[in-house]
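Think of it as A, B, C, D, E and F in the order they're written, each chain with its own count starting at 1.
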Amino acid sequence: MTSDASSPISRYPAPSIEALPDDLRQRILEVQEKSGFVPNVFLAFAHRPDEFRAFFAYHDAVMLRPSGLSKGEKEMIVVATSGANDCLYCVVAHGAILRIYAKNPRVADQVAVNYRKAEITPRQKAMLAFALKVATDSAALEEADYDAVRKHGFDDEDLWDIGSIAAFFAMSNRIANLIAMRPNDEFYLMGRVPREKK
Amino acid sequence: MTSDASSPISRYPAPSIEALPDDLRQRILEVQEKSGFVPNVFLAFAHRPDEFRAFFAYHDAVMLRPSGLSKGEKEMIVVATSGANDCLYCVVAHGAILRIYAKNPRVADQVAVNYRKAEITPRQKAMLAFALKVATDSAALEEADYDAVRKHGFDDEDLWDIGSIAAFFAMSNRIANLIAMRPNDEFYLMGRVPREKK
Amino acid sequence: MTSDASSPISRYPAPSIEALPDDLRQRILEVQEKSGFVPNVFLAFAHRPDEFRAFFAYHDAVMLRPSGLSKGEKEMIVVATSGANDCLYCVVAHGAILRIYAKNPRVADQVAVNYRKAEITPRQKAMLAFALKVATDSAALEEADYDAVRKHGFDDEDLWDIGSIAAFFAMSNRIANLIAMRPNDEFYLMGRVPREKK
Amino acid sequence: MTSDASSPISRYPAPSIEALPDDLRQRILEVQEKSGFVPNVFLAFAHRPDEFRAFFAYHDAVMLRPSGLSKGEKEMIVVATSGANDCLYCVVAHGAILRIYAKNPRVADQVAVNYRKAEITPRQKAMLAFALKVATDSAALEEADYDAVRKHGFDDEDLWDIGSIAAFFAMSNRIANLIAMRPNDEFYLMGRVPREKK
Amino acid sequence: MTSDASSPISRYPAPSIEALPDDLRQRILEVQEKSGFVPNVFLAFAHRPDEFRAFFAYHDAVMLRPSGLSKGEKEMIVVATSGANDCLYCVVAHGAILRIYAKNPRVADQVAVNYRKAEITPRQKAMLAFALKVATDSAALEEADYDAVRKHGFDDEDLWDIGSIAAFFAMSNRIANLIAMRPNDEFYLMGRVPREKK
Amino acid sequence: MTSDASSPISRYPAPSIEALPDDLRQRILEVQEKSGFVPNVFLAFAHRPDEFRAFFAYHDAVMLRPSGLSKGEKEMIVVATSGANDCLYCVVAHGAILRIYAKNPRVADQVAVNYRKAEITPRQKAMLAFALKVATDSAALEEADYDAVRKHGFDDEDLWDIGSIAAFFAMSNRIANLIAMRPNDEFYLMGRVPREKK
């Protein structure tokens, strides 16, 4: 098989970065500077600048907000619920981020396939059980579900965080599946091998 | 049974409108001016101002954007997918908006229960079939699904609209279920009886 | 959209009331006298007089029988299970009856979408959980299911009532879906606005 | 294991045949005369005489009505849909009747497990596919489903028969599961061995 | 309906017993000697001798191994999980074996349809609940599932047995469905009538 | 997070390699020689030598047999169906093997999450669609399923291969989930980075 890197980023045309509105171009250049490449989600959403702005504003609001959840725990929720939704882009891209935050090269594959078998704490398993119920059967949430998470020390704001991340990626997964967003080749290996010292 | 109007708007405390950031308060007062009441979704999201801003920015980006879909058709997607997700708030609130846009007091109940039996066009049924696949099984989308909608005259931008609305409300439905957002009493009757002439 | 009232009542031809057997015609005239219109279920079933007789005899046997359940509670079961079965006719027609019995213009929409969020008592929620298990997964009924309802004060005869109503409407919903029975326009608004004083 | 014949017929008390209303007692004695035993469904429903009358009236209306379906084909529908609903009483009791009508000692077990592998005609397989859709997902019925049966020569009245039998046993299966109705020991062997000549 | 006995044993050609490798022919002749006929599973797998050898070696390893489960209990697992997988060959063939081991002509039909209503012990019901979870949702197994079986006296080796039988027949059921393996006519009646004394 | 390598290989005790029967010890030493480590599946199954022998005999019979499927295509089936069954061990271990055979570091993650988005040929997608139907709904296999694969050039022996691999891993996945088999750390990175030249 030949490399995938020249394949389209999605079913929709990739924009010219130069022709984008200033704020989009600036965000894209920043992420490129930081990551060494532009994750395709930025290029795919740039097809619709207003949706780009709202999407990343929502992402940042739930993912960057100070919280009772660590950054790694937030990414676990992303990977577990994206696995349940069979979303290739999110499993691969957020799997990479999870490996880096958790400093564990195995945990993303574990959480994507079956969190019950993952090298994570009972508290994290309870968190993921709740997140998956939000992702897959939110109408059936009952007091017992909230209580099962609370007894691990999560408070009501944490519950909002867990549920909102599951909900935001319910949206992201569906859009990625809709437009067939392709994960960048770089994500597959990130966090799997020790970084070289500079 | 007594009125529901004094019940909490959700599992989380309702904010004091006066204490909200200016931009939130202004949007809330505008919607109150226009609708005669404040839909609870505005009060519930005001608990988290950054999420409020991003949520409504996304909502406006997909729902107010000029499109090959009419405003009524967009609301049909909201009601049909919210029905599939058993989301009380969205079925009731967007059902009201759909009745008004469609000038039809029955169509929202029909679409919420089973779009196949609704008084809508074959084109609209094809649109809802696609939206429901995005809502409930997006990983299984195949070319045949896109083709089935395209043959009714929807183009690729329309497909993005249909799918993005289904995806945005996949998020909204989960948050509403998570926090048990209560629909305002006003929504239940809106659009069911002819407006009185002034 | 134009009115639906001239659309066919189902996939099958509507009978001429005059040409019906006496007992059917009499029952139809009685319900017309009482309700002000003939619900389409009477016309649709009149296509098969023996099935008409048995259907309404069964309906009356379970719905009119003195019981530990109130009339409103029985209609809640109808609406909740018909919602689970996506049956437009039964959700709309029995939603109307539920609103009238419960004297609550919101409860039918709530129960049809998600009884867990409805303005009903814990006892009624337990009753609906049991009814929905009968409706959707009766083979898996276990002692714990019976016990969960009994502890709210329902006795064995009440359990028969709850289950039989769920079962009878499992049949009704399937027939209504099979023949595409159309709810009369009148049902949509019934019980939503206060009756005018005469 | 010891014989089951002394076990209760259901979760509810069996009535005394002598104490039953005349019409029930007469029907029960007739079936006993004809079959050599009283199928437990008669005793179980006798707990509620009005429901007994309506249940068997409905049963007779759909099962005994002259039809484009043979008696054996009607019982195939019962067995296939009861298999899908995991209803022990109906699979065993109607399996016996099917074996007798079809003069085939294997067909009931085949149809109960997987009609696609049964020794039946393509026309009968199409009939059962339609019946099973009515039984398990009636809301999703579409024109293509009706057409798939019609092309095997079934007309609209036959479609009503197929669907109504599936619907009636959707009710029966749920009641049998609810009350844990026990199949009589006699049914298990009926139709499996050639009748002895008298 | 005419006899099925001349129909093909599966979608693949039946081998000539004479032309088979010695070990296969010998095993087949042994089973014919013991049973009076050759179960079609032997002929169907003989199409691929290496798979034949491995299949029956695995079968014997789990089914003939001394165990905390009786032979009848092992066959109950086969019948219950094959029922859940809608596998005609395994329900019919192993149903026969179960009837013989259990000396009960009803238990196989009961367990195939719904083990909750079967004439078996609470211990056996717990065993089947665990086996069915392995068969249908093994990824969701949790400590509570293991504990629920252990409290009936099953130890860890018994749990391996229960799960491995469910797993082995998960394979068998899929192969039988894939190749449309036909149960021999003889199985349908075996164990249903008392054996004639010699 | 600390390394997982000292965690137990499964819920059951790992055997002492020295104490194993000769044939098991020899096979284990061979695989260790070839791979540089002992995959945990060999140690886990060594708990039951007869099941070890039959398991690997079956594995070899279907996986090593000359076939119209390439070795890489066979591993695609393993990874796709193990993904559908949420089996951590098989997704991780066979994902490694697939990457090596396919000389593609991305394809295993793609196939495990959603084969429809993978960098594979239409022929391979058809093969996986058929394999997944065998894995998840084999009772519903119909002629159209066989035809859809055949038109890509697969013959009846290839169909047996595809289905048998899906079936064998239906068993493997369930056993791995039952005993909580842990993938060796080595698998996670295999095939993701170019091998160093010697």
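The definition used in the following text is that a contact is a pair of C-beta atoms (placed from the backbone, for glycine too) under 8 Å apart; a residue touches a chain by one contact, two chains touch by 3 or more.
No experiment lies behind these values; they were computed from the predicted model shown.
For the pair chain C and chain D, chains touching both partners: B, E.
Within the contact network of the assembly, the step distance from chain C to chain F comes to 2. Comparing the CA-atom centres of all chains against that of chain E, the greatest distance is found for B. Taking the options E-F, A-F or A-E in turn, the interface that duplicates C-D in more than half of its contact pairs by residue number is E-F. Counting every residue number used by either copy at the chain B-chain C contact, over half are found in both chains.
When every chain is reduced to the mean of its CA atoms, the largest separation from chain D belongs to A. Taking the mean of the C-alpha atoms as each chain's centre, chain B and chain D sit 44 Å apart. If you average the Cα atoms of chain D and of chain E, the two centres end up 27 Å apart.
Across the assembly, chain F contributes 86-87, 114, 139, 141, 177 as residues in contact with two or more other chains.
Of all possible chain pairs, those that touch are A-B, A-C, A-E, A-F, B-C, B-D, B-F, C-D, C-E, D-E, D-F, E-F. Interface of chain A with chain E (complex): residues 114, 116. Those residues of chain F that touch chain D in the shared complex are 139-142. Across the interface of their complex, chain A is touched by residues 1, 4, 7, 83, 86-88, 91-92, 95, 102-107, 109-110, 112-114, 117-120, 177, 180, 182, 185, 188-189, 192-193 of chain F.
Of all residues in chain E, those touching chain F in their complex are 11-12, 47-48, 50-51, 53-55, 57-58, 60-62, 65, 85-87, 134-135, 138-139, 141, 156, 159-160, 163-164, 166-168, 170-175, 177-179.
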